[in-house]
Structures are given as C-alpha cells and as structure tokens.
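Structure provided below as structure tokens; questions to follow.
Order of writing sets the chain letters: A, B, C and D. Residues in each chain are counted from 1.
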C-alpha cells in the first residue's frame, strides 16, 4: 500500500532507485486533453539531479515515455502509463550501506516494516520515485491550466536562516527559474547560493522552506470533514521526502494573532465574493474560497552528509558510517517542483470531485 | 465525499450541528475487544462544551450510544454504530446568519460548493461533528492500548505567545487534565487562563499550538510514498476545524539546523535499535522508527468574535455582522482531544495495515 | 470492512437484527434534491416482512428517519444519515441457536471469521440489514429519476419451475405490485402463490429468479477493465442474501448461440445510435449502450426450513436442529426491492463517475 | 477509473492493444516471497494467442518483465511493476474500423463514454489488457500457494451445447492442459475441438462456460454485507471480456430445489467443521466455509465473426462491416486462465483482509 494517491485523478507509482524502470499510472485524466510532451519533460528537468552546480552532479536520465492512454496526441480518458527506463544503474557503490542503517534515512524503518529491502540508493524510499509523481503532476498541470485556468508556482522561500519575502500573488515562474536556487528574489538567491556552496565545502547540508501558490482556483473545491483541501495538501507535502512541516495561509504565525485581526473580511468586488486579505490561505472549512491557495512546506537538512556518523549495522553492532558518492547539500531547489506536484495532484483530484457532486 | 477516513480502521461520520442526530460508523475494529463505555464517554466529555469557565458555556449533550457492532460487551468485528441524539436543538438563534457569510467560517465556501446549506450553527462544518470522530477515536484508543500498548497524549503547548516547554516523553494525562487549559505546566497554565479570560472580556479570541505524543508505537508502521505515517497525521490534523499548520519532530525549527546536527544517530540499547535523539519525531521515510511520534498542530484564533465585522450577504450586499450567542474565546483546551483523535485514528489504521502486509 | 459500497454515491450501513438501531450513511448524493420521504418509506414497505400472506408474518417496524444531510426538504450534498430504531427486539427466541450452526446460514463462517458473533437473528448477517440499503437506494432512485429519467423495475420471474415470460421493455411497477408475489403476469403469479402456500404447509422452502430492468440509462455509464457496469451489478446482486447467480442480457442462455446470431446490429433511429436487439443487456465493454440494462439474479431456497436438520454445535458435537419461529417460505417477492436496490446504487455511482470524468 | 482492483492485494493495469507497452502495478504482495519467474511466464503463455490451432493464430509477444518490487529474487513488499513491451504492433489493419461501430464490441460505448478512443484493436477495451491481470494473478497464485496452500484450477466446462461433467474436487491442472481446448475430459474435449473447427470454417463463433475451483481456502475469508467473497468473485468474472453470467455453488440450477434438499448439513470430520455436500459453493453469508469455492462463468460467442454485419459509422450512416484479420472462433480455452486470475486476485485480497482484521 501507499503507492497510490487521489480518488478521481488517481496516480499509482512504482519503481526503485536502481531497478530496471520506474513509472506511474494516471487514472482519471479526462479525455481530449492535448498533451504537450515537451512541457511534460520540462517539468521533469526541473526535478532532475545535475541541473546546476548547487545540486548533486549525478546525472540521471529522466526521459519520460507515455506508453498508453494517449492517442493521436490527446488523452483517451483511460489509464495513462508513464515510464522511465533506468539506464546504467550502478549498484556497486552501495555495498557499504547494505548492512547498516544510515542516520536520517529509511533503511532501518523499511527493515522493520518489511524485513527485506532493496538497499541500493534507498530502494523504494529513494527520492528518485518523485520523478514519477512529477510526471503525473505535469499532466495535472496541463489539464488544470487548460480546463480551469489554474496556475501553480512554487519557490524557495528560505534556506537555513536566509529568507525571501515573496509575494504569492505576483511571483512568476520565470522569476523562479531565473536562478538555480529557485528563489525569485535575486539578491536573496545569491546569498542562498553562497551558503549552499559553503555548506557543501564543509561536507554538511542545510534545509529550509518552500512556498507555493495556486492561483485561479475557483470557490468550491474541497470536501468536508476528513477530505478537506488543506488536509489533502498537507498529506501530499508531508509525503515528500524530507518534509517535516506544513502551513496554509497564516499557519503557525497566525496563532500569535487575535481573531479580530486574523479574520478576513468578505466583500463583493462587483463580480464575485472575495476577501480583503488572505490569511486563511484560500480555504475555509476545507473548501476553496476563490482566493489564492498559499502553502509552505519545511524540509529538513539533507540526511546524507560527508562527515563520519555513529550508527549500527543490521546485527546491532555499532559502526561508524562515512558516506561516499555525490549528493545534494540542499534539497530546496529541487523540492520546488515536488511541492508544486503535491498541489497539482491534490487540486486536479478535487476539481473532479467538485464536478461529480455539486 | 469527505465523511470517511482510514483504509482498514475506517470511520464514517454524519450529522450537523442542529440535525436530529449525529454519529459515526466504525469499520475494521477487530473482534473481541472489551469496550469500556465509561472510558469512551470520558473521552467525549473532554471535548464537550461547557466543561470549564474557559470554554463556551453552551451545554451540549454528548451522550454516546453504541447501537451495533458490540455484543455481550465485546466488539464483533462488524460495523460499530455510534449515535448522538441532539436534544432541544434551538435553531431560532441562527436567523441572523442564514443569509450572510461570517468571516473566517465556511458559510461562503459551502454555498460555493453545494449551493444549499444548513446554516444553523455551521451545519456540517460545525465543530460539533468532531464529537463523532472523538467517539470513534475512543474505540481506537482502547484497541491500541489493549493490543499494542500504545498511549497517545496531547496538551496545550502555546496560547498566543504563552508557551510551555513540555517533555513529550514524560508528560502524563493526569498532568494535562489537572488544569482546565490542558497545559500540563501549572504556572504556564495559569498565565494562559488569565490571558483567555482577558481576551474574552475584550470580545476577542486567541489561537495557539497543541502538542501530542504517541508512545509505544513499534517500528514498522506506515506505508511508503503517498501514505506515509507523517502524511496521514498531517491530513488528520489539518482536517480539524481551525487547524492551519502541522509539524512532526523538529518541524519548521529543524530547518535552521545543519544535517550533521539534525541526524539522529542510531544505537542498540541491548534489546532493539534506537536513536540517541528524536528530531525525526518517530518516523523515517514515513514509517515509524520505534521512537515516540511527536507532532504539533497550529490552531488559528477562533473566528467567532464579539466585535462588529464587515462582510456580505448572499446577494453580495455589504453588511455589518455582530455575533450573538456564546462561543469559545480559545479553542485550544478542547482541541487537545481532537488532535489525540487524529493521532489515534491514523495509528489504528496503520497498525492494521502493518498486520495485513508484512 | 464490507459495510460500504460505491465510490462516489457511497453507502455505509451498520446494525444487526437485534441491536438498538441500524442505519445507513449516504455520501455523494448531489445537493438540491427534493427528497420525498413518503416515497422513501414506500420503497421500504415493499421489503418489509409481514406485508402479505406469502411472506413471513413477523412484524418489523421499518420506519426510517432522515437525521442529517437534508435541510428544508432538500439534500445538502453532505452525508445523509438514515436511521431505523429497533423496538421490542426479542432475543429470547434465539437461545436454541446460540451454540449451533444452522445449515445454509452464516453462523459457522462468522465464527470462523471473527470468533465472536451476535447470534440473535443472524446478527450482522441478517437480511434485516437490507432495510438500510433499500433506504439508501430509495434516495438513489429519486435522484436518478429526477436528474436522468432513469427507471428501475424488478419482478419475480420464476419460483422453482414456474416461470413468467416478462417483457422488460413494457413491464410496469403497477403490474408488479398488483400481486403479492410481485410476478407481473397474473396467471403465473397465481400459480406461484399456490406453490408457495403448498411448500409452506410442508415446512419447506423454494427459490427462484428475480429479473430487473433499468430503462433510460444513457450510453456512456461504466468504467473499463475492473469496474465495468456489469461487474458492479453482479457484485451488488451477489452481495444480497441468498443470491447464487447473476446474468446480464443473454446470460447463460446466450452461450448456446453463434456469434452471428448473438451480435446486436447497430442502427441509427434518427436521433441516436441503437441496437436492433438487446442480447447484450445494455452494456458493451462494461459501459452502457443506451439500451435497457437487463439482469437476472438467482436466489436459493430459503435456508430456514421447518424440518429437522443434521448439524453440529460449536464444540463439534452432532446435533439435530429443529427451527422454531416464523420465516419466509419464499424470499422472492421481498427480493425484488433488493435487486432494484442493487441496480439503483450501482447506477447512481456510475452516473456520478461519468459526470466527473468525461 | 476502473483500472484498479483489490483493496489490499491491489492491482492497477495500463495499456492498449497497440500502444508502446502495457503492464500492471501490484501493491500489497507481502515481502519475502520467492518469485518464480518461469512459472509466471508459464501462466501468461496459457493466455497467449497462437498457442494452438483452436485459437487465433496471431502471434503476440507476452514476455513479462518485473521492473520493480523484487530484489535478489524476493518481493520487497513495495509496488511490483510488471511490463509488457509491444513490439511491431501494426495498426494499419484497423483503418477499416476507425469510423464504425463493430457489433458486439465496445467501440460505440467508448465513444459515448469518452468521445475519443484508440480504435486500434479495441484500444483499452482489447482483451490484450488481460495479459496484465494474468501476470498479476500469477504473483497472487504463488503467494496463495506458498502461504496458504490454496490451489486454483479452471477448465472449459461447456462449448455451445457440448458439456463436460467435471469433478471440481478431483480435476488437475495436468488434465486441463492435456488438451488444447482445456476441457479435462478427453472425449468431450475432442468433440469441442471438432465443433470449434467446424464453426471457424463457417466464419462464425461459439461461446460456453468455464468452471473453476479454489481448493484449500480456509474458513473465514470474506467480508459481510457489500464485500462478500462471492460478490467480489462475480465482479471479477463479469469484468472479463465477453463474460455475461456468473454462478457460485448450485447457482441457477439450485433455484429448482427445495430448501430441505439444498441445505448442506454440517458435520465434524474429527479435525474441523465441514459440510456433507457443497451446494453452497464454498461461501455462506459471503464468507468462506472451508469447502472448495466453486464457480462458473458464461462467455458469449466471440463478437468478431467473418460474415457481413449491419452497423453504423460514427456519423450514423448505415454500413456493412466485413471483418478482416484473424481472431478466435472460441474464446473458452483462453478464458480459463482469465477466470483463474479473477479467483486468484480476489482470494489474495481477502486473505490479506482476513489477516488484518480478525
């Protein structure tokens, strides 16, 4: 269990870091969508390792193939198969981790869960799996844009203590993509890049916060009680590797305010009901308000560091672990498309739910 | 949709604030559990309005009846019906809200979603619905305790800016219940109570943070990729009324640390693999590690204030809304059993999942 | 598990034969439906024991209460709670079955499944549970009729070897209800009634076949591969008590035909594509064709007979079981609303699915 | 929707007849199972076209690749990816069907459902999809055998009016595989082969009945009310291409019996509770009884015939359709592994459900 998400726009993924192939099955994408494969690949390239000096220089081939569900360029409404063939996956460099538990990683918990695991590159727990969900989310992005005019943009808001004051209503994808950090404010982005470089030189890693906005979401998406839109967004974010926290709207900061200051007054802008401020973050009672949906996700510092660490092997013997190989000192730039994917898949699912029952 | 949660330990709720009855159907509770109805009712009494001077003085009858699934005192393994009969529900006091949208509430979004809503006391969006999930969670609590020795305890960690440094490994339910604020540190609790009283006198409201711990969770609960234990906990919390943020383990604070300081080293304590610290908060890769699961949930200040507010009616005309009736100035004390319920239902579901596939 | 059905029009039931109450939660019924409570009760009265001399004279109160999800006479789009309060349920007459396994009943299999069961009147396995699904299906009926003009009619087609040649395109509910057997052809109905009376006098029971039709189903309902409309109809029928077989369209009889005789030719009737015959029974590839959906369900002879039977008790000792109390000699007349319910719930779910993704 | 089945042992398939690839994702297979890839391929070869003179001579490469979820020969407990790469799929021969609706096929209903379809070889409605579920069921077969000692065997019981009296308790897979018809009684099998050959020479097709048995299923698998084991088996069978009917145990024939003759008496065989006969077919109240589970599935004559047929094109114009290409005159021999797959997937799912909640 665990490899599927969504009730109507439903995605199932498979594949390990070093298996023969990984992929996704996307059910529920409505028929007739003209799929732009170039845009789909572009979404994937933003997640790919090796795209800049700030992230891991490992080269992974993330070339996606659409093997079913699309005919003559358009979706058919049936299951879309997305496939990534792993080429030249070297597993020899993982012999040093096969019998020990890397701190901060899922090695131990997978052993506790299943008793048997693919230890190469984290196996099923590898962040490589996120290629499949980013690909699926790329389809959701195209459908949400074409059908509902919804636009989802993420950005790096903070690296360690270096924070950017980003305006969710105004930020553009071009601004985000203009800098390898994916921080849309150039001066702050430069400081972040400098920090990341320094941390890498020290063999250490840093964490931070990704912010994201969905603009154009109409009022009325979300379901009551247990399937609130904000709840599903939280789950989607916390299901990303290394994510440890989630906020919507005012989030934790809002808990320092009084109700009289926090409530967003309604008004009528001539065409529709709106709120004068957006501390609620685009959902009220778990249903979208028509205002932008604004979230933040916290990512812990990358667990793979290059300093010796205390741990144990599978027999319980204490060992010192020294990582080899190449890894990200900071996952934040590559986490941006992941948070966007979390939003896109959640929104596409609720768009269909709202269509079905209204 | 939205009224069900869990895949194996599955709860479906129904009912509005002012309908004839509300309740829950609990599927998947294993047979043979001796159900302690007194303890179940005690769980509910902690959520009940009117339990102290700090919360709303409205008296609600939250007397739960178990109408199916239990025979001769033990669960049968089939669907358990839980029923609350609403007595003397007065809807006359809601005439002033039937045609306007209260700021911070779900009035507008329900209209956008469904076009037709029960406006009395928030209808399906009312926090009264949480009585049903607290009752269902009470069954989960008894099963988790009897079968797995798991204990879940929540507490008020912060009210506005008044914060308590609570030790999740040591806190007891008795300490929490000793004070009407449900803050287990008496001096801080007194300050919180004073603040809440002052805010109420001002016709305003405050928010804050609830912390919670699950102790005794074995390693190996949780599923990979999309159904991570932390992801499901996040969804369960964000599906609570007024919740705007979620953290597990180090959360947002952990993003200020370096990887070398954040990683929790593994060691063998003679019996099992453990970590020397618990910044990960009890899950790694979405699967429990055997350490305590520690979460925090942010609750915005209560939306129902007693000052005049700008809003619009259903026709879009600007109106000034002045709340009447009686409400909580601070939801935190009553949110403690809700966050516990979120944890309990999520853990019970994953306990069964781990039993099924291992 | 097992107490829920449907993905979008989703029904969850609870309750045993002799518990305090039973009921259903209906999720996914679109908002704004004006619910006719009298018609809902009329649907239930057709299932009720004691309605004629041909069925069990036990009097059950099947008075349904709608406790949530309906406001000012219209559905709100949120969970609809349906409740039946059991009054004066006598369990004393079941002492003779508490420790033995009645042949043909689920006593033994429930013990094998759960180890602990409510033995009174079959507990959760009692046909009394079907009151809840008939009530839920009554809502589906009203919605399907009001929104899509779909009409579902069932009838008794055969009792033992007495068979009626019913025309699914022409039969009316009035014809069906005109005779207590629910066979719409009076002469055959009389013969059936005579047979049932004779069998009852002998302390024995008979089975037979229920036929049903859904008229007005548009082309395009159903999902490919695993959730075909005919597959879901089959599951819904086989989940009815005593059902042992299912056919759609030509069914088993069609397997004696050649392809050239079996294929239904398409033609255009001026407005839409139709078929000249309907051996396919209204679905092709699991999706509705726009022709009437026609099914048949086989019901075994009632297991409760009034002759002594060989069986064992819970300790494995051989015992002779002699039934006391009053039961149906023939379940067919009361099975008609159950088969209709199976169709109605399945169709309502697929109507919503087709709305969501198209 | 529709491409997934099972709640715990969950299979999702993708792929069309003439796409680049098709496959399945199998979730919920417990870890540690030693997977026999040769046996998996052997299961697939029984479904493959071109395996004998009685079935279509089209050669399809059904070589399955296991691309994830298996490490060092054993399942890991995570999603298993199964992949079939389509080689040399020629779509040119389908130009004559792109704009018309073949009688008996799903061309029209897919157009009604989705408005856009892959017309090559039936697209998603092609029986080629069943390769994916047979592969997934092969994993279920190995797990059910290794863990529970369950054996599932199907056979051809009837072709048109030529019927074999097969003993479900004694039949072996070797007997079934000994003849290309998959009828285990040689004299009847020869008559079936003769009939099929004659029908093919006439350009026509025949249908029939597949029988199947699951031996070794313990008492206690199945869930009450809506997810009865027999209901799920019915759905799994009716979701197979061309299946129009389902029976369990005495089925339709049992409706001609009296209750006193139909009930299976319980006795204790020294080790466990059994029934002296098995008219119930292995389930009582939807839960397995420990007796063999015995089902029958009706398959209509193949819709692809080689005689001219009346139909319409997409614009509603009448046309005469004359099929070209090569097809099965009788699907029965190849339907045997499909019915087995339906049983295997259903049983594996309920085995896990019974493990989770008991």
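Quick note on the criterion: a contact is a pair of C-beta atoms (placed from the backbone, for glycine too) under 8 Å apart; a residue touches a chain by one contact, two chains touch by 3 or more.
These numbers were taken from a predicted model, which means no experiment stands behind them.
Centroid distances built from C-alpha atoms place C farthest away from subunit A.
Centre-to-centre, using mean CA coordinates, subunit A is 39 Å away from subunit D. Mean C-alpha positions place subunit A and subunit B at a centre distance of 26 Å.
Multi-chain contact residues of subunit A (touching two or more other chains): 1-4, 7-8, 13, 28, 31, 77-79, 113-115, 124, 224-225, 353, 357-358. The touch graph of these protein chains is complete, with an edge between every pair of chains. For subunit A in complex with subunit C, the touching residues are 7-8, 28-31, 77-79, 224-225, 352-353, 355-358.
Within the complex formed with subunit D, the subunit C residues making contact are 1-5, 7, 11, 13, 101, 103-106, 108-110, 112-115, 124-125, 129, 158, 160-161, 199, 203-209, 218-228, 230-239, 241, 243-252, 254-260, 262-268, 273, 275-276, 279-281, 283-290, 298-305, 307, 309-312, 316-318, 353-354, 357-358.
Looking at the complex, you find that subunit C touches subunit B at residues 1-4, 8, 10, 12-16, 19-23, 25, 27-28, 31-32, 65-69, 71, 74-81, 83, 113-118, 123-124.
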